[in-house]
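The two complexes that follow have chain A in common; it is paired with chain B in the first and with chain C in the second.
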Partner chain A sequence: MDGVPGKFDVVVVGAGPAGSAAAYLLAKAGFKVLILERGRGAGSKELFGGKVYAPPLRDVWPGLDKEAPIHRWVTRERISFVRGSRVATIEYSLGRRVGFTTYLPELAKWMSDKAVEAGAVLVDEVRVDEIVVRDGRIVGVRSGPDTVEADVVVDAEGVNRLLLERLGLVERLNPSYVALGVKEVLNVGKGTIEERFALPKGEGLAWMVAGDVTAGIPGGGFIYTMKDTIAIGLVLHIGKAMEKAEAGQINKHVSRILEEFRLHPYFKQFWKDADVMEYGAHMTIEGGLRMVPKRLYAPGLVIVGDAAGLLLNTGYTVRGVDFAVASGRIAAEAIIEAFNRGGPTEENLRLYEERLKESFVWRELVRHRWIGRGMEDECYFTSMPGVLIRILEKLYEADYEEPTLIDALLESLAEEDISLTKLIMKLGSVVSKL
Partner chain B sequence: MRIVVGIKWVPNTQAVRFDPKTGTLIRTGVPAIVNPHDLPAAELALRLRDEYGGEVIVLTMAPPPAVQGLEHILGMGADKAVLLTDRAFAGADTLATSYVIAEGIRKIEREIGKVDLAVFGQETIDSSTAHIGAQVASWLGWPYIYYVKNAKMVNGALRVERQLENAVETFDVGLPAVVSVAMKALKARPVRLSHKLRVKLEKPIIVWSNKDLGLDPRCVGLKGSPTIVSKVTYLPEVPRRKIVYKPKDPRDAARWILAQLFQDEKTREALHKALWG
Partner chain C sequence: MSTQASPLDKPLKLEDLLQRNIWDVDEDPHIEIPMDDQEGLRKRALVHLCPAGCYTMIGDKVLFSYEGCFECGLCRVITPEDKIRWEYPKSGKGIQYRFT
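Here is the complex of A and B:
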C-alpha cells in the first residue's frame, strides 16, 4: 500500500449533506479536512424526492435562504388516496416557510462548495474501498493502492454502507429496512407550474400519494414542484416487493409502475404535454431506528447521515437531508470537543452519540419508531385508502339515493374484506403509534 | 520521453437531446465529460511514460470549466496539464482549433522542454471529425499515424501498431510524431486518490491565454474558422413498438417478417423460397 503525502485531521467519506455539513464546520474551526467522493463532483450520486426542511440547515449555514439553490418554498401540502382512477385529496395551505424543494445534486454541490471555501479539500472520482484499522483504532481510509491517514474518519457513505459492513459495525443490508425510490423529472416548460397547480408565484407544492399507485407494494407516490419542472416518483418497500415477486403476485418492472403513475388519468393532467427529462433511482431507509448501527462511533470514527440510519418516512413527511445535516453538525461539534479534551479517543467520541441522542433527530426517530414497522402492513397502503375511496364513491356517485355514512362505511369495509373490529384495531394502533 | 495528450471537454452526448424544432443540440444542464475516445490516448501516453520515463502533459483548448477534465487525466497519473483558454478561441472549427493546439505544443517546447510525441483520441463524440490529430501534425510538420492500438520504442523509433478492419499494420516512426489512438483500443486506468490529491494540493494546471500564445486573433476562434455548417438535418426518432406475431406455422412467421422488411413482393417470395424452400 502506498501512503499518501500529508496526513489529515479528518477524512470525510462521502460529499453528501451529512459529510459536507461536518466538513464545513470542521474546516471552519481550522481542522485539516479531506472529503472523498465517489461520484464526479459532489452531489452527482444524490437522488431524493424533492423537499428539504430548512431549520436544521440554517443551524449550519445561516445564509441558506439567500444562497442555497432553493427551487420553491413549499406553501401547499397535499395528501391523496387513490384507488383506480378515483382520488380523494386533502390540501393544507401553510402559514410559514419551513421546507423547500430542490434537486439534491444542486444542494449537495452547494454544501460541498461551502466546505471547500472554508478550507476543506474535496477529491472526487475516488472510491474508498476500506476504512483502515490499526491496533484497534481507525487510522484512515484506503482507496485502491493508496491509503490516506487521519485522526478521525467521518463515515458519510450513505444508505448502502459497504464500508461499515466490511468493518463489521453493521450487518448486511436487510431488504425489509429499505425502499427503492424511483423518480422522473418532467419538463413542463418555463413559468407554467403556478398555473398547473394554482400556486402563488414562486411558491411550491409537496404532494404525497397513497393507494394502488404502488401496484400493491407498501410505499407511496410523491409529486414536488421544482422551479420549472415537476418531480414525480414512487417509494417502494424492497422487502415486500421481493416477497410479492417471489409469490408471483407482481411481475412488473419498477419503471412500468412509475410510468403507470405518470399516466394516471387524474394526475397526468398536472403534467400535460411534459417531456421526461430525467429518470433515476436510489435506495432509501424505511427501517426507522432499526437501521441505526448499534453504535455510532468507534476509536477514530463517527457515523453520520443515511449510513447512521437517520431517516424518517412517516408517510406524510420524509426527513432525511435535514437529519443528515444535523448529524454532520453534531459530529463536527463532538470532534472539535474531543480534540479539546485530548483527542478522538473512543471515550471522547462517545460525545457524538450522546449528543445525537439528545437531539431532535433522535427524539423524532424514537417518537415515530413504529412507523417503519407499520410500513410492512399492506392494509395501510391498499385496503385503507380503498375503503375511503369506496365510501366517497357511494356518497358522491349515487344516482338517486345515497346511503347513510354508516351504511357506506360498512359496505365499503365488506367490499375490501375488512371487519369493523379490524378497522377499529388498525386505526387504534395507528393513533396510538402516532 | 515528453508526451502531450490532447483532450476535449465535451457534452455527454448520451444526455444530450435534439430540439426537433431548431435541429440543434439542447446542451443546457447537460454534464460535460472528457471525450471518451481520448481516454485510450491518455492511457497509451501513461503506459509509454511508465515504461520509458519522462512526463505526460495533458492539453486542451476549452473554457475554464474544462479544468475538471484535466483533473481527471491528472487523476489517472498525468504529470502536468495545460489549459489554453481565451474568449478569442470560442467558435473555432477544426482548423482554428488545431492551430491553437499546435501552437500550445510549440509553447510547451519553449517553456518546458522538447516534446517527443503528441497523442490524440480517434475522434470526439460531439463532432466526429477526426481532424485534430492530422491537422496538428500538419502544423508541426511531424509524421502522423492514426487508428493506433499500441506503441513501443524499438531502436530509438516508435513502433506503432495500427488497427485496421481485419489487419494490423506495424510502422516504425521517428520522433517527434503525432498519433491518434483507435477508440476502445486500450482500457483507461481508474483515477487514483494519491494523484487526485496531488492535483488538489499542488494545482499543477498551467493556464495560457491568447496573450501568452501571441497568435493573430484573425487566425483563432470563429474568425479563424473557414468552415460553415450550412444546415443540420434532424432525423426524427422512430417510435418503437413491440409486436408479437405468433402463428402456428413458423413459415407464416417468416413470411410475415419478410413482409415487414421488404415491400417488394418478388424479393420477398424469392427470399422466402431460399429460406424455406
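Here is the complex of A and C:
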C-alpha cells in the first residue's frame, strides 16, 4: 500500500457490489474513502449465477439502465423439473423489465469505476489481513506490514469472512449454511441467442432447473442467456454434499456432474456446438438469516453484502447482488448520519442495523426464513421433481391405456417411496410458510 | 454432409475445463494442509467437491496443490480449523475471472 495516505474517513474492504455502492455514495457525499481490493482490478474474483434485480441498483445509480454493462433484460423465466432425460417446464413471459443478465466481473468493475469517479481511491492487489482494534474500537485495517487508519471500516469482504472470524464477530462458517456454485460460460457465437431460445432481439432468459441434474445433492441448476454466451451451472448444498461424499454416495467429481448437465440430452440442444470459455466456482449463502452476524455494527465498523449474510435463494429466484448494493447504500446513509450526529460511535452506527432491519432486504429474508432449512430436505430437490415427471410419463407415454390422474399420482409416489400423507405434509408445510 | 464428432459432445476432463481459465500463480501456497497427521480431514469430500480438483489421493494421503485454486473456500468450510491454513493469495495473484 505504498503511496496511500495514512488516514481516511472510511476504508471499504472489498470492491464488490456492496463495497462499491457504499464507497460511491460516501465519496459523493464528500467523504475521503479508500477501497481495498484483493483482486487485480475490481471484479476479478467475482462469480455469480447471472441475473441481477435492477431496482435496488437504480436507487444508487439512477443512470444504471443506460450506463451499466447490461447483457440482456430478462423477459422469460423458466423452471424445469428433470428426471433422467425427461423434462417438464413452466415458462413465464414477463410483462416488464425487472432483472438483467451480466458478467459480475464486468458489473463490479463498472460499480467501482463509479465510486472512483465520485472521488473514492481504489487500491487493488491488496489483501487485508486484519481489521485493527485499539482501545475497544476499530481504527483501520492492516495488510502485511502496512496499516491504514480510518474512522469507519466497511467490511464487504464477501462470503468467506476471514476478517470477521479473526475479530471474533462471527463463528466459523457452518457447511450447512453455504452452497457451492459451479459454472461454465458457453460461447455460442454472435447473434445466435435469440434463435436458440426463441427470444425477441436483445431480450434474455433466466432458467432454473430442479431434479436429478445435481446427482442427488440438494440444490439445482441454472441457465442464463448473456449477450453472445450462455451461463450454465449448479448450486450444491455443501453440508449435504460433504455428508454424501464421505458416505461414498458421490463417486464423481463435481465438474463431471456439471459436464453431465451441459450434455443433458434435452438441454444440450440450446448450446449446440458451443465451446466452454470459462469454468469457475464460488461459495454462496444457502439459508436466509442464519448467516447474519449477531450484530452488523461495532464501534467504527459496519458489515455489508455477503459478509453480512444478506442473500436470498428461494429456488426460483436468487437475490444477492441487489441485496448487497442495498446494504451498501444503507450503510453509507447511516455513516453519513452518524457523522452528522457527532461521529461513528457504536451508538450512532447502530443506525445502520436499524435501517437495514426496516428495509426490503430484511423483510424479504424474514419472509422467506424457512427456505434455509427447506434447502436441506432432499425430498424437495429429488423426490418431488421425480414424482411430477413420473406422473407425466404415465400420462403421456402410455402405449394403449393411460391411468387416471389419481392412479398416476399414487403409483408415482410409491415409486419415489413417498406416502400420500408425507406428500400432503410436505406440500402443506411449504404452503403454510409461503 | 457428414457431421463430425466434436470433443465437446463428450464430458470434458477437469484438466481441459481448467485450461479455459487464467491464473497468475503466487510463488507461495495460500492454503496448506498437514501431510503427516491427516486425521479429521474429509478426504473423499475434498477430492470430489473441490471444484478445481486441487485435492488428490496419493495412497491413503490427500495431497493439495494450490496452483489451480478458485479461492472458493469450500475446503476451509469442511475442514477442522487446526487442519488447514487458508488465506487468499497475495498481490492480486490467483484466479482471474472474466466472464463469470
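Note that in this section the second predicted complex is superposed on the first by the 429 of 434 C-alpha atoms of A that agree within 3 Å, B and C clash if a C-alpha of one lies under 4 Å from a C-alpha of the other, contacts with A are read in each partner's own complex, and residues count from 1 in each chain.
One rule holds in what follows: a contact is a pair of C-beta atoms (placed from the backbone, for glycine too) under 8 Å apart; a residue touches a chain by one contact, two chains touch by 3 or more.
Keep in mind it's a predicted model, so treat the numbers as computed, not measured.
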Please tell me, clash or fit, for chain B and chain C sharing chain A in the overlay. fit
Computed vertex angle (chain A) for partners chain B and chain C, CA, steps of 10°: 40
Touch test for A:E125: chain B only (first), chain C only (second), both, or neither? both
Using the superposition on chain A described above, determine whether A:P145 touches chain B (first), chain C (second), both, or neither. first
So, A:I371: does it touch chain B (first), chain C (second), both, or neither? neither
Give one of first, second, both or neither to describe whether A:L36 is in contact with chain B, with chain C, with both, or with none. first
Which one hits more chain A residues, chain B or chain C? C
Rounded to whole Å, what minimum CA distance do you find between chain B and chain C in the overlaid structures? 5
Of the residues on chain A, which ones does chain B touch that chain C also touches? 40, 44, 124-125, 144
Chain A contact footprint on chain B (complex, rising order): 31, 33, 68, 72, 75, 190-194, 196-198, 200-201
Can you list the chain C residues touching chain A in their complex? 6, 8-12, 14, 17-18, 20-21, 24, 42, 44-45, 47-53, 70-74, 76-78, 81, 86-92, 94-100
Which residues of chain A touch chain C in their complex? 38-40, 43-48, 103-105, 124-125, 127, 144, 159-160, 162, 172-175, 178, 180, 182-185, 226, 229, 231, 236, 238, 241-242, 245-246, 248, 250-256, 259-260, 262-263, 273-283
Chain A residues touching chain B in their complex are 2, 4-6, 34, 36, 40-41, 44, 121-126, 143-146, 148
